[in-house]
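Scroll down for the structure; my scribbles are underneath it.
Here the chain labels run A, B, C and D in written order, and each chain numbers its own residues starting at 1.
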Amino acid sequence: MKAFRDPVHNLIRFDKDSQIERMILDIIDSKEFQRLRHIRQLGFSFFTYPGAEHTRFAHSLGATHLMKRFIEQIERTKNKHVNVTIDEITDQRALALCAAILHDIGHGPFSHALEKMITVDKVNHEKWSVQIIKGNTEVNQILESYKSGFANEVAEVIERTHNSRAIVKLLSSQLDTDRIDYLLRDSMLTGAGYGTFDLEWLIHVLRIGKVGDHIEVGLDLEKGLNIAEDFVMARYYMYQNVYFHKTTRCAEQFAMKIFARVQQLRASGYFIEMPYELEKLLSAKDLQEVLQLYPYYLGLTDFKVWYYIDKWCNSDDLVLSGLCKQLLGRDLYKEFVTKEGFDSYKSIINLANLYEKEHGIPVEYILLEDDSHSSAYKDNYISSKAKQDEGQEAEATEQIFLFDKSGEAAELSQVSRIINEIRNNKIRFKRVFVPKDFRNLYIKKYG
Amino acid sequence: MKAFRDPVHNLIRFDKDSQIERMILDIIDSKEFQRLRHIRQLGFSFFTYPGAEHTRFAHSLGATHLMKRFIEQIERTKNKHVNVTIDEITDQRALALCAAILHDIGHGPFSHALEKMITVDKVNHEKWSVQIIKGNTEVNQILESYKSGFANEVAEVIERTHNSRAIVKLLSSQLDTDRIDYLLRDSMLTGAGYGTFDLEWLIHVLRIGKVGDHIEVGLDLEKGLNIAEDFVMARYYMYQNVYFHKTTRCAEQFAMKIFARVQQLRASGYFIEMPYELEKLLSAKDLQEVLQLYPYYLGLTDFKVWYYIDKWCNSDDLVLSGLCKQLLGRDLYKEFVTKEGFDSYKSIINLANLYEKEHGIPVEYILLEDDSHSSAYKDNYISSKAKQDEGQEAEATEQIFLFDKSGEAAELSQVSRIINEIRNNKIRFKRVFVPKDFRNLYIKKYG
Amino acid sequence: MKAFRDPVHNLIRFDKDSQIERMILDIIDSKEFQRLRHIRQLGFSFFTYPGAEHTRFAHSLGATHLMKRFIEQIERTKNKHVNVTIDEITDQRALALCAAILHDIGHGPFSHALEKMITVDKVNHEKWSVQIIKGNTEVNQILESYKSGFANEVAEVIERTHNSRAIVKLLSSQLDTDRIDYLLRDSMLTGAGYGTFDLEWLIHVLRIGKVGDHIEVGLDLEKGLNIAEDFVMARYYMYQNVYFHKTTRCAEQFAMKIFARVQQLRASGYFIEMPYELEKLLSAKDLQEVLQLYPYYLGLTDFKVWYYIDKWCNSDDLVLSGLCKQLLGRDLYKEFVTKEGFDSYKSIINLANLYEKEHGIPVEYILLEDDSHSSAYKDNYISSKAKQDEGQEAEATEQIFLFDKSGEAAELSQVSRIINEIRNNKIRFKRVFVPKDFRNLYIKKYG
Amino acid sequence: MKAFRDPVHNLIRFDKDSQIERMILDIIDSKEFQRLRHIRQLGFSFFTYPGAEHTRFAHSLGATHLMKRFIEQIERTKNKHVNVTIDEITDQRALALCAAILHDIGHGPFSHALEKMITVDKVNHEKWSVQIIKGNTEVNQILESYKSGFANEVAEVIERTHNSRAIVKLLSSQLDTDRIDYLLRDSMLTGAGYGTFDLEWLIHVLRIGKVGDHIEVGLDLEKGLNIAEDFVMARYYMYQNVYFHKTTRCAEQFAMKIFARVQQLRASGYFIEMPYELEKLLSAKDLQEVLQLYPYYLGLTDFKVWYYIDKWCNSDDLVLSGLCKQLLGRDLYKEFVTKEGFDSYKSIINLANLYEKEHGIPVEYILLEDDSHSSAYKDNYISSKAKQDEGQEAEATEQIFLFDKSGEAAELSQVSRIINEIRNNKIRFKRVFVPKDFRNLYIKKYG
């Protein structure tokens, strides 16, 4: 029995004598998984919440631990009223656990800031995960030596194309092991109490049932309604306060502008050193090509990118060195609040032009626009894949089901006024961040 | 009121309207303090405890928060029975808070591994702290604009030479704000429950009294004896289990061997790139000279060193690249346990020679010897400075006093059998770590 | 410094050297306050939640502790933008603390079950509190020796007629020290995680401002909106799950039926012994008279009533002894669920008549009807007193205000969609409880 | 699945579909077990710690929950190195769980105060438990309908005479499910943080092994040493601070003196009403006879005794009414501290005689002597039963074993200096409590 200590779950145990859990331990020991120790779970949130230093590594362990607990509970509470075979869940325990431990294997450093830089035609971390699982990697080898074709299956669960719908939804849905772990973990480590809910009760009221022809994982209608609400609310509060915190968003804008400046300068012929892995990735012409460069992608970590941010502090280009110094020293821009809101920001272009002249900083580095949006609970049923245009929130947009004693299913927003209220209302923050002294210029000009 | 969220203390608040706390906030914003965001509190412990990613930055905030609470409690419970003026504590609130926020400002990356590399004549993190506080830094400027000569005073508290003994001991003694915060924090973040004790009760029973001519901070004899024991025991357990965990110690040995190899290779004329700040520091001839290079020291962070570990994975030198790959992939050596214990390890030199021949790895990179020792409670009264030969445990080795109602002081180990038992018994682990396959060779040879 | 240990707040401290806090300690030592040790906070909830044994005594300490913390926070964050003098809060600290410690002094045993029995013309626990404070009691003496007329003032705060509106609302409003303590306490002790919210943050964002001519205590608009929602939701969940739990409600119905039977029997000339204090109280003709009997009321405790329940187990009347045995043994009735809901219950009268004939139990002891309702957030502005017809929820039905930086107030349900959704929707449970074997009869008859 | 919410363990679940757990649920529903709702776990501690209202009912559920978890862990970690069959543990799961749920069924009200009153020749709560299990009770019927002779077996486990030594020790030994639950529970509910230890880790390192011919439950030597120490220390602190708190001890002395006075008065021919159950029990001539009166014993609860304490407040005997009023109002005696300690108290008899003359209170009601002692860790191996003269600490005085990888056992105090230090040192408090004004008399006389 191998035990990891964990601030959220206390002990996360894997049984070395079980073939399946031994495989999980081998995956944890793999080079690709060890890399997740160097990817912060919350990107730039540590600037806002000094405790938010936790990594994708710890989160992946936590999500796998929850997957084990979910499956145990489902085994315990086979719903007698519904003629449902849960074999697809219990027989495929290996699949569920491997998908859980590997679901974030394709996450890159620096949250989404870097992702956008190397994005060729909408490549996201899930595509990278799939590529790493299928590619010539230690992880792939471990999966294939369990069963030929197994890597493919794991990838399908992560892509949400696997035909075992229940396994797919245990990993990514409105109420999955991934988001349960990250809410609890992010809440605890940031120290912002919003993400708490009674995990033990939630697991206690887990049920399976049928919705149409599909087996679905849901909650007991009578005992689970309030914990379902509490859980959706926790997510809503975390977006409102933590994930979309202005300081965090501003830091991410800084990072994106830094990468943009580097590319701009290189395009203009300047020599700006960057991680050679990144250079390689940027050379790819399309999605197909960039994904083939996954060995380089695997060379990227938070520490490598921070090293270059630090190095670029010494650049001759004052815009680049300025942004880097400010990011490293957490000497960020301030939100520029006007009574008219976001749209009025566009009207301060003239002022920004003035500021550009005074300080030699191009307008696009003066006005950092950020438009963050998410949804705490989505209504539309997304078949097996998220839609392209859902942006950041694409990962898991399905519904939460509540089952009554006869096994009949009700969708959460149908039975909860509160959830119905927030289901289609996006959480949205449109902001502009400007240099601290920009405001003075504004006052001088407009009084 | 500026509030930091914190997983340990929930809210850490500083009042922007108070001159003193405004100064603390300015220090936090300084370049030198922001650097602590990139120094892990526990060096390599994250390899053992995935949650142990917390930084010196968060710890320093926590220690300062405790200093505020300690001083408030002391103000509340002026001991009427003893003719003690606590003015030296309350009047010097600014001094106490500044010393608390800055006590780890001189910490370098990679725990003590790197420290040993650049050590010229016993320079340690406290000497760096003093240098940074007195040098041409933002921190120095902030302190001096509060009061001329103030930086010097703060440095004296950290060096334990300041004549306000009470302030010195609030920061570094057997029962100080520094170690209270780190025990609670390390315990929570590692997930190892050993470091817990009832902080609220400990603060509640804080007392001041006189020991000889000195004002001392201690605990109420009647109400504080058990919490004092519990606190010392917490520290004892943390050393036994967390700080001296074999995986953590082995990783630190790896880091030291990597640095040793780099220097060895450079001495032999190979070109091995290293952080230019480190190169600069290594060029110093003595303590005086190296301390003057503090601007370079301030350029060192965890991410910079990890970047080079990653880079050295591609070195032509197989010893260096091997060690680096193993460290990054957490593919470490195993403890070699013999019935005869540590001393018998020396007798396996012959075997190591054999292994060297087979694998081309010099003996000093095959047998990694580690001798960790500390003491949960020291007996001898150390005047104002720790002694040279106390090594790692030098920081604070004084006694805990318990005051009865008449203000008379008793030393903890005199009134507690338990503490008396452990006071002079070093916690000590002597180990040798060897490559995984070394054991096979051993069995082949010795059966 | 006197410290009480508390599972919710850890330490609750009162300073013996402060005149005001010394008064609080004297009140705690008074005979009338010590009686609260024998009144469970949650009546019959211990039948549902084995941990819910906590008393009005502990809750009153907790509410007073919160009152201290609230006032400290208000002192720290005087709102500069509003021309508000908070003197009425800080000068009247004594008043606020005394009202907090005494707000439940008039609570009787057995939750509301007994209250209804001795109710003559709507006397409730607040009227008793006022009577005890003004009467010839130790508590009255302590208050009056602080300041002549002070007992009256304290009573006015509890009655919500005192002209210091802010003090009144700190004790009883939508966001008061009373309900904050009971939500946290009930949640922790029942073990039902619903009532949790981040107390530290809630206190951190407390603000005062003006609404019309009144000083109001509210929260910071920007930082406090989500905690306000979280707090209202916590209350909503506690009502849904804990306070209105069917087992708890059924036990309370049992108690009411037991008291009803005792009175019925006595009215018919049977001699049924009951607590002489209760006998005395029942002899009163009107509100005026019953309140004058407060010394008898003060003789009532949970243990006294349970003693008689136990004694009545031996009654010759089989209805009475049956109900008592069943209550003591927690062998309660079951909820009778029909598809048609509560109203259809009325149609099973015929069946109950049949059951009466078989078992000799009058219909009114076969069908126990319970109609529980509350509201998590009320909309209508209740001037200084609750209205007569609000029943159980009368205590505090005002609004929560959020203040922006300029001091302008917004009412919570105006700025929160979620709260707006639930504000006028009563939480309501209409149930009928029937003997376990009643259902069989139903099936026999209706199939 | 029936779930109890619990403040300590969150959810305590029993599976209705399992025959064994269904039996546990039936026992919980029995009249005899429901009675435990009215027996406080900590007697008079609620006078010292307002939160300490928890009952034997909740503790018994907790101990049973831990028994389930212990057995699960033992099943998971069958020690391969030792040729041990754990069948005696797993096969006898029913026995272990029934013994756990019933181990406190014989506890009477008022802690040990009343026990001493009705003690005829050393009858204690364990003898009552056995009697209730074997007698004509609902509990007996439930056990016997599981298997004929099963009640006897359960009684043997509680008496520690059952030949399945491992089951016996899981319930009562130095490291048993009983004391683990009560330490955690008492610590949480009193709010005194001393009893905390990492339960998850303790369960994780549970091992079984052989000591001589016996199967023993112990801990992993390497991983369990510190948690074993921490656990023993937790118990030590709880005795020092909570169980032997002077206020609690004084209240218990009051209760004993009240019962003594009642008997004294009745012996002198006064009519003093007392619970008829108690009257009946007091009429028994010897152990055999008193145990046969168990139906009367089962009629005793905390509320019944408190009812009489309250009633006796109106007694004509001023000594009795005085003591009762003081106990109910928590207006207790004060500890009389002299420099010479306990023995010198005997020399103040003269003074007490004087006080007796002034106040008409016999000396034995003026000087309340209390001699509390326990041991945090006992050394001598107690075969299957505790010895007669161990008093309060008799329940479980055996050793804690630590097993190395080869299954070899070491006794805790042999490998831990700390435990060795405290193993034979009794925790002992000898005190005398006197009326508050007695001290004045003392000063008047002796200055």
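Annotations for the structure displayed:
The criterion applied here is as follows: a contact is a pair of C-beta atoms (placed from the backbone, for glycine too) under 8 Å apart; a residue touches a chain by one contact, two chains touch by 3 or more.
Just so it is clear, the model here is predicted, and its values are computed rather than measured.
Using CA-based centroids throughout, the chain positioned farthest away from subunit A is D.
For the pairs A-C and B-C, the count of C-beta pairs in contact is higher at A-C. Taking the mean of the C-alpha atoms as each chain's centre, subunit C and subunit D sit 34 Å apart. Once the centre of each chain is set as its mean CA position, subunit A and subunit C turn out to be 44 Å apart. As a whole-number value, the distance joining the C-alpha centres of subunit B and subunit C reads 51 Å. Within subunit D, residues 10-11, 192-193, 198, 200-201 each touch two or more of the remaining chains.
If you check the complex, the residues on subunit D that touch subunit C are 4-8, 10-11, 29, 31, 34, 37-38, 46-47, 49-51, 53-55, 57-58, 61, 188-193, 299, 301-304, 306-307, 310, 328-331.
Taken together, the subunit B residues at the contact with subunit D in this complex read 192-194, 196-198, 201, 226, 229-230, 233, 237, 240-241, 417-418, 421-422, 425.
Residues 1, 3, 10-11, 13, 15, 76-77, 198, 200-201, 204 of subunit B are the ones that touch subunit C when the two sit in their complex.
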